[in-house]
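Several structures are given next for inspection.
Heads up, the next two complexes both have subunit A, just with different partners, subunit B and then subunit C.
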Partner chain A sequence: MNCVRKLLLARELSAGRGILRQAAPGRDLPWLQESSCAQGFWPVPVRSIRSGAALSRSDLVPSARGDKEKDRGSRDGALVPFDELFERACKGDRNKASFSRAVELFCQRDIRRRGHIEFINAALRKMPEFGVERELDVYNKILDVFPKEVFVPRNFIQRMFNYYPRQQECGIHVLEQMENYGIMPNKQTKFLLLQIFGEKSHPVRKYQRLMYWFPKFKHANPYPVPAALLQDPVDLARFSLQRIAADLSAKVTVYQMPLTDILDDGKEITQLHIVGIQSPDQQELLARHNPARPVFVEGPFPLWLKKTCVYYYILRGEPLPPEEKEEVIDSERNFYYPMQLDLDLDRDLWDNEEFYVDEVEEGPVFAMCMAGAGDQATLAKWILGLQQTNPILSQTPVVFHLTPGPRELQVDLDSESGEEEIPQSWHAKQEL
Partner chain B sequence: MSGLSLLLRAARAAFPPGARQLRTGGLRSAYAKELFLGKLRKEEVFPYPEISNEELEEINQFVGPVEKFFSEEVDSTKIDQDAKIPPETLKGLKSLGLFGMQVPEEYGGLGLSNTMYARLGEITSLDASIAVTLAAHQAIGLKGILMAGTDEQKAKYLPKLASGEHIAAFCLTEPGSGSDAASIQSRATMSEDGKSFLLNGSKIWISNGGLADIFTVFARTEVVDKDGAKKDKISAFIVERAFGGVTNGKPEDKLGIRGSNTCEVHFENTKVPVENVIGEVGGGFKVAMNILNSGRFSMGSASAGMIKKLIEMTAEYACTRKQFNKKLSDFGLIQEKFTLMAVKAYVMESMAYLTAGMMDRPGVPDCSVEAAMVKVFSSEGAWICVSEALQVLGGLGYMKDYPYERYLRDSRILLIFEGTNEILRMYIALTGMQYAGKILTGKIKYVLTTC
Partner chain C sequence: MALSFKLLDSIFLSSRCHRQNALHPLLGPLLTDCISKLYSSYRRPGTSPDNTPPWKMNFSFEKGVDGIKKHFGILKKELVDHWKGPEGYPLEEYLLEQTRVVWEFRNQKDLDEWVVSSDVEIGGKSEAYLKLGKNNQTALLYGTLNTEAPRDGETEYSGYCAMRAKLPKGAFERKKYYDWSNFNSLYLRIRGDGRPWMINIYTNPYFSHQKDDLYNYFIFTRGGPYWQEIKIPFSKFFLSSRGRIQDDQHPLWLDKISTVGFTLGDKADGPFQLEIDFIGLLNDRAHTEEFAYEKYERNPKV
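Coming up: the complex of A and B.
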């Protein structure tokens, strides 16, 4: 281990000497040649040390192989240093293999891994483009870019003074990206971090924190959305309606399956799916609803499942005014104990009833549905389907309060057409 | 707070002692309810209500023959096996006058006070089926007539009921209404001439349903409010089997109290004359509440009697059986079991007689909360103690040759009938809080208006 350390130290020193020498580039001075002779004993080939005007470490990476000269030439202090490296490695196909190839390219290029911090930061930025942000072995590969054991503090002074702070920050960035995407690190990550930064370093501490909290959070959600979401729209609608309903006895009915019919005269009729859900409690509520009062079909409301957004519509009634609320419990309702304690406790000066926006009373929701299209005709078909199990709907007036739904933002410069943008629901409401 | 009670005490002291009987209750014997206000009414419980010497002698006279009867002529094992009480046993009970213990003497009963009734309950509980048959007959079956009946009704029905010629039953439970008794569906519609009701409905799990001739039935009647609105209220009726239309199903096969006859009773267009309404039409709620609340306290003494007998039998076994060269009674855990049984029996007994004593005081005291407390504690205590007694005997306790398994099965029903323990717990809590709440809000109002 000692000889490896000495090798690394020697390399460092020579690299440091290279930084200090800001003199004419490319000139081999005699004393440098001496050291290179000294280094000649080492089996590794000597690399010429160049000192450049810019302090950026990427410039200081010596070219061992001449065919890489043209790579250096293109990279002359560009603001995004390693972008072309990734461009070149992917050759048009952005996937895990090309990303790993890019990382390997960087690692092979220089044993000192100069510019590794910039490279790692660039790699972390590029991961979403290549689609590898949720792959743990890619993160381990990125961590592998760090030179090992160089950044491990060896005495108490080094330990006190935040040894190699930029590298530690870079390690923390890697772990932070892992945390943001919710990827649990594994043993290899731990081994790598320990090897690179040593114990009691910031990245290792962050790793420990990750490993404390992530197992707790992993199974914290009692209703997790599966990673592989269903593709079939009817199945997806059924799954999301059951998620919204949260009543295990609710029944899902498919009122219409999606199909495309081609009639005899060549006309195409496309039918979109209509999937509805209603629980027995909701059915009872609807049966007790007063048919003189209207029920409203409202929608679409968005429901986000990881990255997909589905829209659902609800059938609801208005909350009853306080006079019509049937809350009076007969004093003779229960033989055994008083169901209501009739103590008139007055509110005191400081017990005022404030208005809480979150606790506004809403009317009952009778049923919900998801449909392929959000127009009145499709939803009317849903209501027709509901009528079979809730005959009271045939006598109740149904009012449709439909917002136009999700659409692209229209940047209209014309003020006249701005009026047309008012959704139909407003007109409908005004008519009412 | 103390001002009010001082006022009340002064008011009470102002009345001559004889006038106490005019009071219709309320403040008297509100011992448990006062606990909710944080007040201990020492005069209710200290000294412990004791009966006079004459009463004591009277009771001892009764206790002797009854104990003799139960120890000699009642074969509990046979009753449990056949699921039937033999008619000779019933006749013996009738001749002892046990069918009319609380019926006043002018109607042919024994006219016992609550304390004496509780004392005899201790003995009858040795056979649970007989105890339940007697309780269903008198504690709930004829209590309605006794408490809320008119003099004609009492004169007509009580003599035969007290002698045991007719047996009474209490019909409230329906398939859809157990604890939710106010949701019964049986209906009594007034006939056109307004002289009788037509009763329609079916009741389940009626004790004595197969033997009874007189039923206290609860049904819905249409009442016209003083505002003119029509409402459905519950009324109580005395229905004789002779009215016709009364059928009962076959006796149910039960886990315990197998000797008691429990069956369904169906009423089909039974004609009930208007005179047979207990209380008033639409006043069934009050009648039911009073009946249910009054019969509960005797469960305390019944359970205590049963546990005392069990302690006797189990102690005999524990002192003779030797394991590991030691008597069972030398083991600490076995001694703890006996301690538990003794403590529980003592508490049950004292609670039951305290409540009975409070109820026996002049006036019409309201001890419903105390009675509910007695029932809850005694039923749970009995279940645990019987289980522990069986445990002391180990494998022998499990065998049908010994009576412990019968006692265990019989004591399970104590937690369920006469108001399930859960319902009674709610009753105790809510009634107490309602009482305390009313008084405290009244005081707040007083403070706010005067200050």
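Coming up: the complex of A and C.
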């Protein structure tokens, strides 16, 4: 820090005397060379306030000239500005460290941070490439690029007339990218914004809006998906099956773990995972199912968890025709005591919260599963596994409605594309 | 001659004030394609504004006569309904009802009330379709989202699809509103695939400054083969305009509701589907909240 302070002092002195002065660390300020903080320290040419950049570039120190030309090339109206600065910093490895290095390179290059708006916009565009778009401290580092306290309005006229509008727009752009990725800003962001733009500026207003609305909606999802999604397919299948089962007492069974086996003759057998779920209610329904009627394996149906789509299959029966439905017990059958009591004690006697609409007729769902592959052999293994807990499946014909691509949940019975019957060896009865 | 000029003047006036009642009732049905152009000033980003002069618009006499017959029929029905009770419901039913089914999907006519749109309007590549589900008992909204933004120099984000009920029209294309003041929550029976949707309520306001105001809330679907019953109280809807949440929030006014819409824009590329059984209203006696967000001014003036 010592060397920087001495540089600044040198600049003030030269400004005071009104002399165009170049600080060449090798020549004029020999005490700089002795300082230990010169490791990787870029020789920043000190300019007088009154002189422009063009004049000061005229008699450069030969050692610094090469870097200066490269910098000039990136600023000279290139279509994609600062691209090669990022290329230079990353050296082939794109991660948080190289991104931070690129930002630091820019900050050290110029004490006035010329071109900071273009640099910040380019950095925001490059963030997905470097994989840092969800890191809050990287955003704070980008906000740090703004020169502090220059854009704070100092009187009511400046406050009225949108002081430094492009810089405020750029600040808003940074916060908008944070908002798009759902990242909550922290106190450091607030202090940075206050220091750069002052209170009651547009970026600070946007920050206040973020801090008001984000906490309100952060926990609005009654079925939240964890941000770090599970990688193991069996765990992922377990989590998503428990999600769609809607029954806390449902049991998840892993029928087959994924493994790759190499046999003696060099052939590879890959086994994919099969994870199934069935709740006691579903088991009961299946036990009461008439074995003469077939059950259907339908799938694959999509399930989205944040940005990943997984597919599941279901085992369901047909909706019963009206004659085979469960008989409704007549209320006048027994006058001594009611055969069934339907007391809804939550609501008042005349409160009726039913909707007068026909119920959608659908067959009951008996079990769900997720498998690595959607072919009949894998699903047949699932049915075999289900037979152990539901013995009625050994007598029931199973029909496979496997569609090639994901389609709607209710498959039209007339236009099936993958209907197949499961072979004789798996069940005893012929299909009707 | 003078009459035609007066009629043309009334068209201009109506388009500027955004007051549909001012349109001359006989001329409205005659200008068949021009009505939508007069009332929507949407300009697709990247295109030049549309400046066809009024004398180039086409008139059609038969369609006009049909339209007049249709509108007088609707007017008669409206007057008769007014005698029956508020909004056509008999009075005792209106006073005692606690649930009401507003939209159900049992035939193609029910589907025709809804308009499906996607970001194809701004040049994007998503697709969205609406059809009847199995056994004509549900509606299925399905398609693919594509977040690639169109390269027109203006748009930055893309990838959305939306389904919205058509604006309810009284006789002679007047604005009609639903009165839902008996109820305090929206009830939906849907089956999604795990994607988060957004439900929007449009109140079709009187002033054209507020024509982009929507009241929104989220629908988080669970996915899976089971139907999901969602209850959203009206106190949870927040006000937004052109997609941006506004600073001054106020509760939704239930007596002047125009349409309800569903939007999907969760930045995930891929197919989606949403099956809707019905959309109804519920008067939840247990819900006593008036408004979920603070009403005082949170960003005081500079």
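Following the convention adopted for this analysis, the second predicted complex is superposed on the first by the 287 of 432 C-alpha atoms of A that agree within 3 Å, B and C clash if a C-alpha of one lies under 4 Å from a C-alpha of the other, contacts with A are read in each partner's own complex, and residues count from 1 in each chain.
In the analysis below, contacts are C-beta pairs under 8 Å (C-beta built on N, C-alpha and C of every residue); 3 or more make two chains touch, one makes a residue touch a chain.
Because the structure is predicted, anything quoted here is derived from the model rather than measured.
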Touching partner for A:L343 - first (subunit B), second (subunit C), both, neither: first
Touch count on subunit A, higher of subunit B and subunit C: C
Partner chain in contact with A:K96 - subunit B first, subunit C second, else both or neither: neither
Touched partner set for A:L305, first subunit B, second subunit C, both or neither: second
Touched partner set for A:R243, first subunit B, second subunit C, both or neither: second
Touched partner set for A:R333, first subunit B, second subunit C, both or neither: first
Which of subunit B and subunit C A:K200 touches, first, second, both or neither: second
Residue ranges of subunit B in contact with subunit A within the complex: 179-182, 233-234, 285, 288-289, 292, 419, 423-424, 426-427, 430-431, 433-434, 437-438, 441, 444
Of subunit A, residues touching subunit B in the complex: 330, 332-338, 341-346
Residue ranges of subunit C in contact with subunit A within the complex: 98-99, 101, 104, 106, 133-135, 137-138, 140, 142, 157, 187, 191, 193-196, 218, 220-227, 245, 247, 267-268, 270-273, 275, 277-278, 280, 282, 285, 292-293, 298-299, 302
Contact footprint of subunit C on subunit A as seen in their complex: 159-160, 180, 200, 205, 208-209, 212-213, 216-217, 220-223, 240, 243-246, 301-307, 309, 312, 314, 316, 347-348, 351-358, 360-361, 365, 368, 406, 408-412
